[in-house]
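Two complexes are shown next, each including subunit A; its partner changes from subunit B in the first to subunit C in the second.
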Partner chain A sequence: MRTKATAIGATLVALAVLCAMFATSASAAPAWKFEGKSLEGTEVVLGGAIESSMTIPGLTTKCEDFLYKLTVENASGTGKGSLTEMPLYNCTTNSKVCSVSTIGAEKLPWASKLTTVETIPYIIIEGVKVSIYYLGSKCVLDETLVTVTGSAGGSIDNTAETATFNASTLSASKTELKALSQKIEWNGLFPTEAFQWHREQALSVS
Partner chain B sequence: MQKHRRRVVGTALLVVALVALGLTASAQAKLVGNYTKFVQCPYSNPEVRKCLYSTTNSGEVVLGSKKVPIEKPVVLQGGTLKAVEGTAKFVAASNGITLSKAPQNVPGGILGIVPEASSPPLVKALIKFFLENSLTGVNSTLELAKPASEITINETSLVGEEGTALKLPVKVHLENPFLGKNCFVGSSTTPIIWNLTTGETNPPVPNKKITGKAGQLEFLEEGSIAEIKENVLVDNAWSAPTASGCGGILSFLVTPIINAQLGSTAAGHNTAVLNNTLFTASAAAVRENNELNP
Partner chain C sequence: MAQRTGAERFIAPFAKAASARTFLALAAAGAVLAGCGGGSPSPSSFSGESDTTESTHAVASRRGRTTASTAERPAIGNRDKNEGSGSNSTKGSDSGPDAGPNAAGGKRGAHIVPPKGPVEQAPSPEQVTNATIASMSLQSPAVVASSGSPGRLASTYTCDGHDQWPTLHWGGVPAGTTELILYLMNVQPVNEDLFVDWAVAGLKPSSDEIKAGEMPKGAIVGTNSFGRTGYSICPSGAGEIYMFALYALPRSLSPTRGFDARNLRQEILDVSGNVGLLPAVYERG
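Right, the complex of A and B next:
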């Protein structure tokens, strides 16, 4: 009889622990905040990459002007967004023989969501599709259309108000970008700044 | 006077010979570094856009009931013309050896007796000794069945793991003292057509779907050369004609025996799996490398 009571007690404790764990993971889904208050309605986050490059082993492509427009909102307490514009200009490669003829984001808008990886807030961009057309008679990719697809996770720094995308953040967020069937490396540092109702207000994600 | 004239003539001949040698040398490729493997690329042809050098290091060819492992490397080399809708036609290698002839051992030799995998090593060794020697052994050599211009390559499919990446018209040369010199499966009129893919095949039964692999891509020489390692090209939907010309004057007797040994070679009974390392380069870059290194 006493054993049965002990077993029931242990089960209840286990359930309580499980519930607490789920509660923790549920609260881990972060939200967009301005001046520490949760965003209500939508806001537009606009900016240009402080730095960005995409590398297939042996060939790196960079864009001087990498702009983006992200409409963000909180849905059921969790931040999400929609990347609606991403114009890319002045793109070059690290090769003397390969130039970028055209480059552009396709199938916009791309969905985004906030998540937490080991206590660090992350933004995940999904459905990425960027087409790059290379030129150069001595370039092996001459007249070749290279399409970058996949999803990318970047860590958000609330103090610096930036999002960082690199091999570590993509790996930590279990995301990957591919081109020519290869997993590619993408490095990007983007400011996170509101440009509509919360202009010049501190943006954070938690 | 005559001695002096002879010396002048001799010197002139020597100069002519040296100039001729020099010209010969300058006509030859002097490619360096990563470009050396494109020495047989017809890059002097201005229509050639890219050079290709591919080595099949391993894999297997299943023809009916015979499985031949690829143990000796096979090289496919040459150039490609401007692609039309993604597909480029091949241009033969400068030395004419577009597809190298590497005789592969047919396990079990002419009698086709292959020990089971679980057989003791001694049994395997004895069967190999008696059935795969110079008399009873059979070599299978892959040869081009059509001119190189009938080969096509689609780079988008190659790296995209979808569709035909390499179309290769081939024939299989079976060689053995009893089979004579003209024992072939496939010919220029009835070639075996391999539509090789790095993606998934869709073969008729009894074969099942198999999948190739694009492999690991790396750009070399600032993007002038692409190296693809661990590339796997597959096709198991191809058909092959029956063998012909086996046994010389006894062909009417030997060829049916060979065909009986092969079994059905209709589509669904054959497979090609080629594990490759590929190099492709801009022909203009190869040309420049040649010009820069006189």
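Right, the complex of A and C next:
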């Protein structure tokens, strides 16, 4: 009798531990929150890069400004998103004989999801594709189309309400952007702010 | 809109129970309490119309939100060049990017000041068709890349060493290619002109490498910008960034030994649809 009771007790303890583990796991999935409350439905996060540069090895190509529009939602408690627009402005190279004839984000929308890397919330942008067409008769990339592809992870600062993308955040999130078969560097600082149903509300991810 | 605002969600249950008149009165009161000064809550796209009248910084500074320290947070458009929102407003309307949130309007909320200048256009189908697409892989064990920076080239491959080309491997040669032509060029111009360090035509489309210091059978070497028929990396200063480029041609150009590398390149660009690119940097000392 005592053995049976012990077995039942052990089973209950094991179940409790399992439940606790799953509960911890579920709560660890980051979600979009406004004023501390989980987002219900969708919201639009819209902003402009405070600073951003993309370094393609050999020929540094920079865009002075760019904007983004991200529709976010929580699906099964986990934050997801869809980058639907990303207009670029004032893109140039570091060579006076090479100009950026055209450049644009392609195959939008790009999917995104929230994750946690060592307790820090991250946003992962997937399926990135940016095509760049260079011109300049004396340019090594004259009439050449270069495509940047891959995924990019940026850390989210809940206090400053910004997302930061750089070599460290890409490495930490095990993401990479490539062009010319090589990793490229992307540095960007973006504000995260809602513009639809939760305007003026504090946006956080946890 | 499928979604409801918080005010609408609050009001809806009352609407079911109350008369239409009561509901309208409650709704009006709710709207006043919520400070709804008009305007739709729906976000606009960047291509919408703009009614920007003030910078984000200006709006953010009077939002009065205490959470997340609005005042400390970087504000979109909070740059010197974007100050003076009147001109930006006009620019935004002309160039397309709205200031999406502004159109969402309202008397409060942050604004995005549209960047100056027109929005960049994505490559057109015509450009893509006519472009030389960097679709082939080109790599070298002598050029070890690092994130965001070209891989470094050892001095043995320059005039400071043996001035011998490194081993190069390639892949992804498109079907229908009849000839491969390999170029090595300075990324930055010399005397405002393209500087070619090496050009080798006549490489077989079935080939997938050129070994260090070994010229494949049938290869045709052109005259480089040093005036020599051969290879040389010899920067005038402390170093240079170089670009190896392997062009795939659907029809042979059949140049002869000592061809003018700079002149042939324009013909290559007119014919070639694909290229493999490998940047490399050489720094003395």
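We take it that the second predicted complex is superposed on the first by the 179 of 206 C-alpha atoms of A that agree within 3 Å, B and C clash if a C-alpha of one lies under 4 Å from a C-alpha of the other, contacts with A are read in each partner's own complex, and residues count from 1 in each chain.
One rule holds in what follows: a residue touches a chain if its C-beta (ideal position, glycine included) is under 8 Å from a C-beta of that chain, and two chains touch if they have at least 3 such contacts.
Given the structure is predicted, the values throughout are model-derived calculations rather than measurements.
Superposition of the two complexes onto subunit A shows a clash between subunit B and subunit C. By the touch criterion defined above, A:Q182 reaches both subunit B and subunit C.
By the touch criterion stated above, A:T144 is placed in contact with subunit B and with subunit C alike. More residues of subunit A lie in touch with C than with the remaining chain of the pair subunit B and subunit C.
By the touch criterion stated above, A:A172 is placed in contact with neither subunit B nor subunit C.
With both structures placed on the common chain, the touch criterion links A:A29 to neither subunit B nor subunit C. In the superposed model, A:Y89 lies in contact with subunit C only, and not with subunit B.
When both complexes are overlaid on chain A, the residue A:C63 reaches subunit C alone and has no touch with subunit B.
The contact surfaces that subunit B and subunit C form on subunit A in the two complexes overlap at residues 57-59, 95-97, 137-145, 180-182. Interface of subunit A with subunit C (complex): residues 35, 41-42, 44, 46-48, 50, 55, 57-59, 63-67, 69, 84-85, 87-91, 95-97, 100-106, 131-133, 137-147, 158-162, 167, 179-185, 189, 191, 193, 195-197, 199-200, 202-204. Partner subunit A is touched in their complex by these residues of subunit B: 49-50, 83, 155-156, 159-161, 198, 214, 216-220, 222-226, 280-282, 284-285, 288. Here subunit A touches subunit B in the complex through residues 56-59, 93-98, 136-145, 180-182, going by the rule given at the top. In the complex of the two chains, the subunit C residues touching subunit A come out as 2-3, 5-6, 41-43, 45-47, 63, 65, 67-69, 72-78, 96-97, 100-101, 104, 106, 108-110, 112-124, 127-128, 130-134, 137-139, 145-151, 185-189, 192-194, 241, 243, 245, 266, 269, 275-279.
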